[in-house]
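Please see the structure below; I have some questions.
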Amino acid sequence: MGDICLSHFDSRGRARMVDISKKDDSIREAVARGEVIMSPETLNIIAGGTAAKGDVLGVARLAGIMAAKKTQELIPLTHLISLTSVAVDFRLQPPARVEIQARVRTVGKTGAEMEALTAVSVAALTIYDMCKAVDRSMVIQNIRLISKSGGKSGEFWREGEEKWE
Amino acid sequence: MGDICLSHFDSRGRARMVDISKKDDSIREAVARGEVIMSPETLNIIAGGTAAKGDVLGVARLAGIMAAKKTQELIPLTHLISLTSVAVDFRLQPPARVEIQARVRTVGKTGAEMEALTAVSVAALTIYDMCKAVDRSMVIQNIRLISKSGGKSGEFWREGEEKWE
Amino acid sequence: MGDICLSHFDSRGRARMVDISKKDDSIREAVARGEVIMSPETLNIIAGGTAAKGDVLGVARLAGIMAAKKTQELIPLTHLISLTSVAVDFRLQPPARVEIQARVRTVGKTGAEMEALTAVSVAALTIYDMCKAVDRSMVIQNIRLISKSGGKSGEFWREGEEKWE
Amino acid sequence: MGDICLSHFDSRGRARMVDISKKDDSIREAVARGEVIMSPETLNIIAGGTAAKGDVLGVARLAGIMAAKKTQELIPLTHLISLTSVAVDFRLQPPARVEIQARVRTVGKTGAEMEALTAVSVAALTIYDMCKAVDRSMVIQNIRLISKSGGKSGEFWREGEEKWE
Amino acid sequence: MGDICLSHFDSRGRARMVDISKKDDSIREAVARGEVIMSPETLNIIAGGTAAKGDVLGVARLAGIMAAKKTQELIPLTHLISLTSVAVDFRLQPPARVEIQARVRTVGKTGAEMEALTAVSVAALTIYDMCKAVDRSMVIQNIRLISKSGGKSGEFWREGEEKWE
Amino acid sequence: MGDICLSHFDSRGRARMVDISKKDDSIREAVARGEVIMSPETLNIIAGGTAAKGDVLGVARLAGIMAAKKTQELIPLTHLISLTSVAVDFRLQPPARVEIQARVRTVGKTGAEMEALTAVSVAALTIYDMCKAVDRSMVIQNIRLISKSGGKSGEFWREGEEKWE
């Protein structure tokens, strides 16, 4: 394994922010997904959420969008990038699963994978926070990168994943 | 389900920060855990991490600790609490799994569940960030509350979980 | 006027954070209000806002709550206080006015006036942001303290203001 | 009204950060203004502010400038933009009014209206904070966009406003 | 040296936030100082600073006060503490030295040394920033703790330091 | 001295963020250094730091990198710049000195001096924080700009400084 180096460390193992000064600006997109597993009763409460009863997913969506903008404060060696688009979406999968998707775009020198994954994670944590008084056994699952495009490393699409309509 | 109300919404469904003005201060602790699933090669790189080669878990630990302090900025309806202790720990489970645990304490009017879960999530995201150049298919799994103590709602210990020595 | 001193300056005119070390902790509450004046068409769009069409006030409410928690970062000489409750509310006053109210509580050594006023201001700015593409002439008006209780300086209720039901 | 859509929501009413990936970079400027109404005594204190007595407007100016840089943290769906210039200015209008103006510039894909309005709002809140011990009845008034230039939507100048010399 | 342990690491060398859950609240104070060495010309410009010419020290003072409130975001293993008082002061020592002092107080379970040192450091950096266009060779010197009181560890006064009148 | 103006103030002495709208983007680099003076015992503890005993410099390095990204929040009149590279390094100089160096790069309209100096300052403060329980008399010394390149003002190299290998 000695041959493989992680780019976030220099040759002596010192953590650093990787130099992207000479990379070109391009439009880059990343999509990430994750899930919150919960009791069917909790899912029903979320499903019934409206402006009148309390919109759990609306709060979680905003939390995810705002967290995407904070990624570089949270993940130590990430670069500040200016996101040009963020969308966070949900799919209820009864009886016991809420799926979360974040799609982010940037025009810059490095991709937005971490921003998409952070948006999903914080949206999931926010769902947990809002429902924890009725269901403390929820589990956040399966946070993963779905796709990535733009930049030199080319297209990535995780096998076995379908597009959300 | 109409009878169950989420405490983060008032009777008309409006999101709010729950009133804890009259709750007593007490020592509260929360423990959360999660996992990053990766290729055996990636796990080996992490396992070999030292001051000389690059200490992935050292970076992830700090990221988790610092994120715990940012929880109230990330999760919209959480209260600011002053954490009196934060510890983030890892267990390598070859061939392909890193386990993460965060234990946080506070002296205050509300618990620190969200802080523990946030620390685990951001530590996991940081591991992902540092290894993504060699393994884009990592998945963050199984983020969950393990235990909780202090305050009126009493002790919680998730069934089937063991103590980390 | 030479006799009146602002407490945020010392005797030589140097700005400082006022010393509250010896003040007692008590439950304190502050209520602030403000308004956004807009075209009747814009008000109608907001009034029609639902989970299906776009919930402007839901977004503004969250923005106000989260901003209350950031007050001490924004207003240079304020103390960090731990808010124990934040609620932000709206009243549509056709044809052309949205009223905003923030009610905050804290248990601490100093009041939460600035937190309530900041929540109202940021909720108003967020309404402006979301509607500016259709109405650039909106005006934010009448941001003011309505009431204050707790602490040594006693109760304050602004004359001529009514309670929101 | 069903035909008018707010761009911050998609066709199903879900909040999002609008996609500006394909917009061109250009120099953009925005000017906003607002007022704090106060007692003549309070205005006199501010007017007498010097390095020796306490410079209320100097503190408020810095608070406004720093807040402009935080706009994207405060207003949920705004993009991060890099401000290339921020100036905050005041005019005393005896007997009882302080006028505030913020002028901001950016080179980027979207305008800086919200940054200018946020700078004015936080400068006003800071004046309130510094004077509230002597005058709790101050009111923040008339926060509005004055002008906007750059970008595709063209020039905007609010009718009836004059240039500050 | 093997016997001396730094409290920020556990017995296996893992960084952590030290547990202060059981420490008592008390009033604690810390004073720190530092210096900026510059050319006599630069010192003269600062000395001439007034509301009319540009108040370098006024800006640096505010920056120092606001930075004290951000200490826990900057220094990874520090606890969030609520500062009850912050004062930043300067002494011009011609021909070529500006001295900075920060005095902070808190009521809590741990001291405010780092907050005082951070306030001094950021005030010094701000002076550097404002004067760097005319003097790039300034040096920040001698940042140190002067005194500390409150808490169990007792009084500390650095030898050879005098009180500022 | 009346003829020299600091660019952070306008002709009436009002602080402002300098207008860089028309400056060209270019690759810019800045290097800063500083030192922490400590007892030989403290230096020995740091020198012995490993993954097993506690890696003081690893924590300080990350703190410095993350602080560089926060510069614009700390220094009031700085512009937000997107750093394309950050590296923080240390040299132990027995018996009693730790040297710190930060090298940062950006592609933008203004230099990154303040980011390099902030990284050094916060790395130094973090070393202080981690060792203060065993050595309260440490002093942070000699924080200075070493070099600067890119942009119109041309190359700067501080006389008498050598390159770190």
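Order of writing sets the chain letters: A, B, C, D, E and F. Residues in each chain are counted from 1.
Just so we're on the same page, a contact is a pair of C-beta atoms (placed from the backbone, for glycine too) under 8 Å apart; a residue touches a chain by one contact, two chains touch by 3 or more.
Which protein is which chain? UniProt says A, B, C, D, E, F = Cyclic pyranopterin monophosphate synthase.
As the structure is a computational prediction, the values presented were derived from the model and not from experiment.
Under the contact definition, subunit C and subunit F share the contacting chains A, B, D, E. Counting steps between touching chains, the shortest path from subunit A to subunit F takes 1.
Homomeric contact subunit D/subunit F: same residue numbering on both sides for under half of the interface positions. Subunit D and subunit E have Cα centroids lying 32 Å from one another. Inter-chain spacing, taken between the CA centroids of subunit C and subunit D, is 16 Å. Multi-chain contact residues of subunit F (touching two or more other chains): 14-15, 49-51, 55, 58-59, 62, 66, 70, 73, 76-77, 80, 82.
Applying the touch definition to all chain combinations yields A-B, A-C, A-D, A-F, B-C, B-E, B-F, C-D, C-E, D-E, D-F, E-F. Within the complex formed with subunit D, the residues of subunit A that make contact are 27, 58, 61-62, 65-66, 69-70, 80, 82-89, 105-107. By the touch rule above, subunit A contacts subunit B in their complex via residues 1-2, 4-9, 12-15, 34, 41, 44-45, 48-56, 59, 62-63, 66-67, 70, 73-78, 113-114, 117-118, 121-122, 124-126, 128-134, 136-145, 148, 156, 158.
Taken in their complex, subunit D has these residues touching subunit E: 49-51, 55, 58-59, 62, 66.
Those residues of subunit D lying in contact with subunit A across their complex are 10, 14-22, 72-73, 76-77, 79-82, 108-109.
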